[in-house]
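Read through the structures below before going on.
Next, two complexes with chain A in common: one pairs it with chain B, the other with chain C.
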Partner chain A sequence: MPYTHGTQEWEEAYTAVTKKRMDSEKKPYIYFMPEWVGAWEEFLKADPVYKSVALPDWKGAVVLHVLKNADYGVEQDIYVYLDLLANQVRSIRIVPSDYGKSGAFVITGTIERWMAVGKKELDVVKGMMQGKLKLKGNLPAIVRAIKPAVRLVDAAAEVGGLMPDAWTPEIIESIKETIKNMAAEFNIN
Partner chain B sequence: MNCEAGYAKRLLQIELTDGNIETLPLDDHLLKTCLGGAGLATQLFLERFSPDVDPLSKDNPLMVMTGPLTGTTLPGSSRFAVCARSPLTGFWGVGTCGGNFGPELKYAGYDGILIQGKSEKPVYILINDESIEIRDASDVWGKDIYAVTDMLKERHGGKKKPKVLAIGPAGENQVLFAAICNDSAHFIGRTGLGAVMGSKNLKAIVVTGSGKVLPAMAESYKELRSRVIEKCKESMVAESLRSMGTASALDIGMVTGDVPIRNWRQGEFEGSGDTGGPAMTANYLVKEHACYSCPIACKRVVKVDSGPYKTKEGPGPEYETCCTFGSFIENNNLEGIIKANELCNKFGVDTISCGSTIAFAMECFEKGLLSTADTDGLELTWGNIDVALKLIEKISLREGIGHMLAQGSVKAARQIGNGAENYAVAVKGLELPAHDPRGFHGMGLEYAVGYRGACHLQHMTLYVEQGMSTFESAGLESDYDGQSDDGKAKMALLSQNLGVPAGSSCLCLFVFACIDAQDAADMIRTVTGWDFTMEDFLNLGSRLWLLQRGMTNLMGAKASDDTLPANVMKPLDNGMAEGSTIDLEKMLTAYYELRGIDTNGIPRKDVLEKAGLNKLAARLHG
Partner chain C sequence: MPQIELSPDVEDGGMASMIADIIKGNLQEKPKRKNDFIALNGNIYMNAEDAEVDMTLVFNKGSLMVHNGKVGNPQICIATDSGTLLDLANINVKFGLPYYFDSIGWGVITKLLTGKLKIKGLVTHPIKLTRFTKLMSVR
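Let's turn to the complex of A and B:
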């Protein structure tokens, strides 16, 4: 039986799995896998730049929605949920789709688009304006928070990671396996 | 009278000196080669008037022009242009506007109005279909724009209220950057055409029409209209404008290096987050407002309820105004900006040139070139919105220091002397709009080569270079590096070839930013019934750009006028465009080559002739 999202058990198990993978997986971590998400979280929680630009009255989760693409071993959509409050990054988790969709701001893109963002080849603001990334949520609120939003993305690039264009067949197989296990254990369908 | 296939095919000509009124036919060739708007006005000016005309004399014609799209039910079809030789710059003056006046003029059965001469006494023009009158305006002369608009609407309104184009006291006083206003909310701000209207003793034009604008290809038109509306609904550019107005660009611009600060000398401004679209939406928005037939509704209606900057409910400041009365002078009080906007609107001045001229004066004050002895005792210190508010009034009424500043920053700098010219941020006499070329080098090139001076609207570079729109089918790339000179000459040229025909057909550029070039060409095709392709659209863009550039050349512009001001050429030492250096010469050289401009800054004879501009070629080259 998978853990139920929102419970203490889910959180403890997710944290344990992430920690274990961060200790065991080779760096650079694979983009959007739990260990990479964990590294991003660690980076942002300690990031003085984010703290300085974040809005003191900010409320609302930002969700990066990665569209599935079997060619890359991503056989279901991934929702990376950034729980943000004021100038704090409270947590970043891969979450079940229903919960991910409920985030205040959901930015959706293909793996290729997210890779371009990660490589700083695609500016996230331009990407949204051109429709390469789709935003769901209150636009004035996110425009008001444009500086912290840009910092979140810049931080993802600074964390680094193994980009999809460097994924070998073996890596793609491991991604398939990881997502399958995460789905089974954490109900992230 | 209905306008069949997008045009009335007639021009209303009014001679104010003797009161003579005529209706002149517009032939198909003229319309097909000039479209309408500023393109048509330029051709008419070229054929009938001297480029040496004194801008504030009776001999400078004021032309109000619609395009084939104006008054149709297509999205973005509200627009019209006003043209004359500019009293601010001395070059070709173009101002464009949304609102509802253009469509109503078409309903009355006219593609445009050509106003000549000068009335002995203040007058306004009253148009009701075929009935044209020149009426005494002595009771409305001196009234502010909101008041005169209300009075004329009330006086001439039956079941249907007329649409009004009016000037305020600044236009009457011939402030060189005076604006003209449509229905108290939509402004022809740039190049000082309100002063031309004032110089003719013309307070207003009031129009009511009973006709329709009918497309030639009804079925295709209907399908196209649905397609364009759908694209506007889906576009993030439209969503941004709809939800926050144009001022949304301020918050975004602060992270891209687009926002000029402290008369273009700083890259950082702590208060920027308090003065943009989200803040206005959260704290002062009463409701959104749309121009005629617009699914976007970017206009804001705002109100400051109490305090020293209390305003009535009225048009909210646009992005440019939030900058010129905000970051330009380091003011982070949005209520003060809203008040400044209200004052500029009522007096009728261009908020860009007015705010820029005040920022220029503040720098002169800082540098000791102006003192309180020159400024009627005012301390022109950075961030002092109260002083800015006083200056708006002084400028509009030409009182004290305002009399000098009413000439715009360039002429005021010449009067001040002692190097003040270095602090005037203008090209060809027109103050720069609020987009910093150090953040986006291509915009700098556009400012430099612009036929009306520093301009952000006669092309699509703003949208293309900042990545809001792509227009790949027209040969543009999807991702330009703002702080680079590479590829910018071609980008500027193609962006002009897109923006100019959009402007002359009178399509709103915000709508254009949500669709593609093929859609715009299809708009013209389905409305006019012409065999009109995207290639025709782009070729016409090139032709009309050359026509207007040539007109500005005839008015005296040379290669040395294709430049950027000193404050902009200096790299910033902080902010998002820190260290960005513009190689204008490199971009200009490449641009001249691509566009076919000679070393004197004049389009080459063979290039003009190839574009079918033989008469212009003969006048420029003999």
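Let's turn to the complex of A and C:
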């Protein structure tokens, strides 16, 4: 039986799995896997740049939506949910799709686009203008918060990570397995 | 409710639909700016040079059609990078006018003076530009 998202049990189990993987997996972590998301969360929680640009009255989650691509072992869409309040990053979690879609601001892109962002080859704002990254949500609100929003994504590049163009067939198999296990355990479908 | 439409060549996402959504959202949040929307007439062209994306807003006294690329002979043309275009949307409005005496406003003025932001029609169509700046401003 998978844990039910939104419960204390889900949160505790997710945190435990992330910590275990952060301890056991080799660095650089694979981009968008739970250990990498955990490293991004640690980075942002301590990031003075984010704190300096974040809006004091900010409320609402920003979600990075990675479109599925079986060639990379990502056989379902991934929703990475950044729970934000004022200038605090409260948590970053891979969440069930229904919950991810409910985020106040959802930025959607293919895995190749996110890789380009992670390698600093694609500027987020430019990517949105070009339609390479699609933004859903209240546009005036996100434009007011464009600097913190950009910082969140830029920080992902600073965390580093093993990017999809470096994924070997063995890594792709491990990604498939990880996503399958996360879906079974945490209801991330 | 002001009529704002995307021309068939405009896809979901991308600069044209983002700018249309910003204007729609602003008019919902700040209904007083409808007067500016209704007063605008003519074409305004915007070019995000770094992204190589451009668009035209065709205002017609209470309606707006948003197109990709350049349409007609716009009276106002704005060319800059993507980030500065969003800075323009962050200009504060005070006493019903765009306010340039804070960090965002000064940043925009500096870019104008250094040529990083180019606005054709700044001198010849100041009222139209002021109305458009208010419509674009999320502040």
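Following the convention adopted for this analysis, the second predicted complex is superposed on the first by the 189 of 189 C-alpha atoms of A that agree within 3 Å, B and C clash if a C-alpha of one lies under 4 Å from a C-alpha of the other, contacts with A are read in each partner's own complex, and residues count from 1 in each chain.
Note that a residue touches a chain if its C-beta (ideal position, glycine included) is under 8 Å from a C-beta of that chain, and two chains touch if they have at least 3 such contacts.
Please read these numbers as outputs of a predicted model, since none were measured by experiment.
Superposition note: with chain A as the common reference, chain B and chain C are in steric clash. In the overlay built on the shared chain, the residue A:Leu67 is in contact with neither chain B nor chain C. Judged by the touch definition given at the top, the superposed model places A:Gln130 against both chain B and chain C.
Touch criterion not met for A:Ile171: it reaches neither chain B nor chain C.
Of the two partner chains, both chain B and chain C are touched by A:Arg144.
By the touch criterion defined above, A:Leu122 reaches chain B but does not reach chain C. Among the candidate segments 40-48, 184-192 or 202-210, the part of chain B whose C-alpha atoms clash with chain C in the superposed model is 184-192.
When the two complexes are superposed on chain A, the residues of chain A that touch both chain B and chain C are 123, 125-126, 128-131, 135, 138-141, 143-144, 146. Touching chain A in their complex are the following residues of chain B: 234-237, 239-240, 243-244, 248, 251-252, 254-256, 273, 276-279, 281-282, 466-470, 478-479. Residues of chain A that touch chain B in their complex: 121-123, 125-131, 135, 138-141, 143-144, 146-147, 150. Only residues 11-15, 18, 21-22, 24-26, 29, 48, 50-53, 81-83, 85-86, 89-90, 138-139 of chain C touch chain A when the two sit together in their complex. The touching residues of chain A, counted against chain C in their complex, run 123, 125-126, 128-131, 133-135, 138-141, 143-144, 146.
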